[in-house]
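Have a look at this one before I ask anything.
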Amino acid sequence: MNLAVKVGSLHLKNPVMPASGCFSFGKEVAAFYDLSVLGAIVVKATTLDERQGNKTPRLAETAAGMLNAIGLQNPGVERVIETELPPLRKYGIPIIVNVAGNAMEDYVQVVERLNDSPDVSAIELNISCPNVKCGGIQFGTDPEMAASMVRAVKRASRTPVIVKLSPNVTSISEMALAVEEAGADAISLINTLIGMKIDIARRAPLLANGQGGLSGPAIKPIAVRMVYEVTSHVKIPVIGIGGITTGEDVVEFLLAGAQAIQVGTANFTDPLACKRIIEELHAYCDEAGVKDINTLIGAAKPHAKGRFL
Amino acid sequence: MNLAVKVGSLHLKNPVMPASGCFSFGKEVAAFYDLSVLGAIVVKATTLDERQGNKTPRLAETAAGMLNAIGLQNPGVERVIETELPPLRKYGIPIIVNVAGNAMEDYVQVVERLNDSPDVSAIELNISCPNVKCGGIQFGTDPEMAASMVRAVKRASRTPVIVKLSPNVTSISEMALAVEEAGADAISLINTLIGMKIDIARRAPLLANGQGGLSGPAIKPIAVRMVYEVTSHVKIPVIGIGGITTGEDVVEFLLAGAQAIQVGTANFTDPLACKRIIEELHAYCDEAGVKDINTLIGAAKPHAKGRFL
Amino acid sequence: MAVQRVLEQRVIGPELYALTFSAPLKLSEGGYEPGQFLHLRVTDSFDFVLRRPLSLCQVHVERNALTVMYRAQGAGTRRLARLRAGDAIDVLGPLGKGFPLHAGDRRALLIGGGIGVPPLVELARHLHAQGSEVVSVIGFQTADQIILREELKAYGQVHLVTDDGTEGVRGRVTDVLTPEQCEGVTRYYACGPTPMLRAVQTVLRERDIPGYLSLEERMGCGIGICVGCVHKVRREGRESYVKTCVEGPVFPAEEVVFS
Amino acid sequence: MAVQRVLEQRVIGPELYALTFSAPLKLSEGGYEPGQFLHLRVTDSFDFVLRRPLSLCQVHVERNALTVMYRAQGAGTRRLARLRAGDAIDVLGPLGKGFPLHAGDRRALLIGGGIGVPPLVELARHLHAQGSEVVSVIGFQTADQIILREELKAYGQVHLVTDDGTEGVRGRVTDVLTPEQCEGVTRYYACGPTPMLRAVQTVLRERDIPGYLSLEERMGCGIGICVGCVHKVRREGRESYVKTCVEGPVFPAEEVVFS
């Protein structure tokens, strides 16, 4: 049975990778299992300089989901390159670095700096973080700004550029088409939806930041719809993200058109989540007689080649 | 203790009403309890002519929520006026008619026809139904189209016009400001988020319509955020909707700035939901020493007058 | 509707269960019809915002209890299967319109497929009580799926069919609905998967036998407020979608339109 | 991490519970510290995507079991309170850094507020075992909230404080931390609500006594991957947010910055 997929020029031994910000830089989870089972690893958003992030509380639980307002806390690109990435080499899997910033120059500078690291397989451009005042979400909601960002980063980057889109837009396809046109090598979606919880005891928003990003199983139907819609409009590969918790969830995203997927919140509920999901995916293919997982991709679309496999 | 609130010129004995499409025209739930306990009643979307709606399956369950693609099945405005509304008179509560259509003329004609009914207290303009090809969602995602629709309907309507907004937009405040400016008397939000579920056994979208509208507890954080945001920008009253299941959920929406709320999906889980929620709200106010529920409205905002009550 | 007590959960086959709970109404006073359904809340968790419709299978007047039989196929029914005697269960119903009885019927044909068989048991009891002869044709995928055969035998002849021939006649229920077999049948009642209902409708229309079909649509509310559960019917030459939860799940066979 | 068995659920006060379950590690081999926490999955439902952190309170080496004590305040802990002996529970941990022991300490002052008292019991046992004198100051809102007094008495003197004076001294724990009382104290350990920790830090800084604070921040993962649980610390003159789940929950008091 073949679980290997390609995302552009990236070869993944299976379509499962952790989502940025939900796996830190890998070392903590490495205490639970051998990370080489993963399709790839996506590390926490990296900015030019170190960031402290938002005040606490940064987390809230919601029905089948959670809100976070971390605010991009990270040690800055230098330390990421020097100390965080090298230990990941030994797993022999692609390392994708999620890049964030305020202005376009920040992004370009981070990407240029990452060019020098031998460990980076691709960058994931985070123009969709809802949790910082100038966290790039304006780039994530305006197709023209997104396109110019992608052009600038593509010019600067040695490695493939995956653009991570925000679901907080009227038309996700319009955003996707704009970044494809601008040269993106792949698209990942979705980032979190903007949400809020009020602490009725304190009569104030629960999160110190007021609002936060909603993730988890609650958002899965929105993510599946966006993957289905975007893959019907663009030709570049799409990585599906949102509420994935089981192997069957992965199948759902693949059928909707995703080439690969990322697991976020589920890592918090269960540190073994990615490993378990890969095993479940394997078991599913076994039972369903799927010889090559690529036959599932897009198979839920009308007239899909794979539809009646 | 006072639970009564005003939504513009509408006087509600309490802020709780069923959401459109989740209570039909009331008679079925009337077999479970006396509808006069409700703050108001909002009936199913009404179109000019009878509509059959979409093929089945029309429903799917999701984590803490559900998808629906009913497609505005309704008997048409004539029969609504003749047979559905008169039996509701006896409850002595405001009757709000949710109005939908394709073209602007449809909406205006329905509203004009409703002017003749003595039973209508207000209309709720549904420019946000995601489940029909021409169901008005284009009016719900473009501020200028929304504004022109509101102007036309305001000119035509004898009763107050509540505009129901779609959450599937980049900026909910922009939509809200546009309809306020165009003369809306109130805003209700949110309608459902567009979602999808894939049936992995059939390898096809589960709903006959492909995509559907996501509702239920899963969307509550998004709804609360939008209510908080919109009430920070507009002066007209806002009715909060999305995942409300308990009295405490109502309090959360009021604190976020909602003047009243609607209960949708919870009616399916529990036919007594609205009645129970009103009782829970009463009990909450009792315990928390809230003498007038209006003191809760917007109290979670910084510098809110009610904040430190 | 009210919170009831689980009295018994019994395994009756592979992934097949019989769940008995206290009735939300006083059964000795009637108030229920065979063919109606119960709308069960799975748990009080948000994992299941929708209830699950299961047909009324057996009525125990002495214990004032009801039994449903179901296959644990999806997440909700698998969760129901974890209930144990003593647990609470939120039960709405019985709901909908059941199988109408016609006092003059001499010979009633009951046709059930798989997990569509349960509502036929209570129906057979009522038909038998009114003096109608009851003939049941029940089909299953394979022998280990067979349920309620003995219960139906108590009221009349039972023809068993399995897809794979592991027991009874090999084939589909319609294979048994020969002209000879249908001789003298005054009315039929069918419940099972949609393809079976469609085939039964076609065959028995040819034989000019009136009957009823119990339809299976996904339900939201179960009480007529969500308009999710509709099925197409033809009445007075006009096709329209009607709510199966309140106007059905049982419909006169000639009304039902399969698309 | 592994699925464990609940051995006992005991009510120890109004909305207060002691939950004992099989340990996910071999306790006779060590591998835990007082002050560490267990990260419990509430149920396998999506109602609770986040685990709940509860301090290790008691270690039962013979039974290879652990006890946590908690207040059922929100939805998750209320659900935990429904667990019964024999139920399964998914336990991650013990996690984090606990209270460091200093062999030379003559007199250790343990300060606990409300549901912050539990981790002090295992700490007291360890301190007592190494020969340090243990003095505990524990505060509660009111008399019926008092927990673990007898358990702490087994290791030394206990000063009881209640907000309303229904038992012990009326007031706050800091009211008891007089210069006389602190006489000879070589180190303190505190766990409780943030306002208490802040007050304790201030008072004992004045008395020049070094100590440790166990902080309470909302946790996502509990293992260092979400960066949700941070608290501000000052190290070498520089303030930064550190993860309380891996670098804490216990920190040297002088590092902790309350804003």
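The first chain written gets the first letter, and so on, giving A, B, C and D; residue counts start at 1 in each chain.
Just so it is clear, a contact is a pair of C-beta atoms (placed from the backbone, for glycine too) under 8 Å apart; a residue touches a chain by one contact, two chains touch by 3 or more.
A quick map from chain label to UniProt name: C, D = Dihydroorotate dehydrogenase B (NAD(+)), electron transfer subunit.
Not measured: the values here are computed from a predicted model.
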item	value
Identity of the chain that, by mean CA position, is farthest from subunit D	C
Among all chain pairs, the one with the most C-beta contacts	A-B
Euclidean distance of C-alpha centroids - subunit A vs subunit D, Å	36
Separation of mean Cα positions, subunit C and subunit A [Å, integer]	46
Touching two or more other chains - residue numbers and ranges from subunit C	46-47
Per-residue multi-chain contacts in subunit A, two or more chains	63-65, 216-218
Touch list for subunit A against partner subunit B, complex	62-65, 67, 141, 168-170, 193-198, 200, 203-205, 211, 214, 216-222, 224-225, 228, 243, 248, 251-252, 255-256, 296, 299-300, 306-307, 309
Contacting residues of subunit A [partner subunit D, same complex]	21-24, 28-29, 31-32, 44, 52-53, 55-61, 63-66, 68, 70, 73, 216-218, 245, 265, 267-272
Residues on subunit C engaged by subunit D in the complex (per definition of touch)	43, 45-47
For the subunit D and subunit A complex, residues of the former touching the latter	1, 41, 46-51, 76, 92, 217-221, 223-231, 240-241, 246, 259
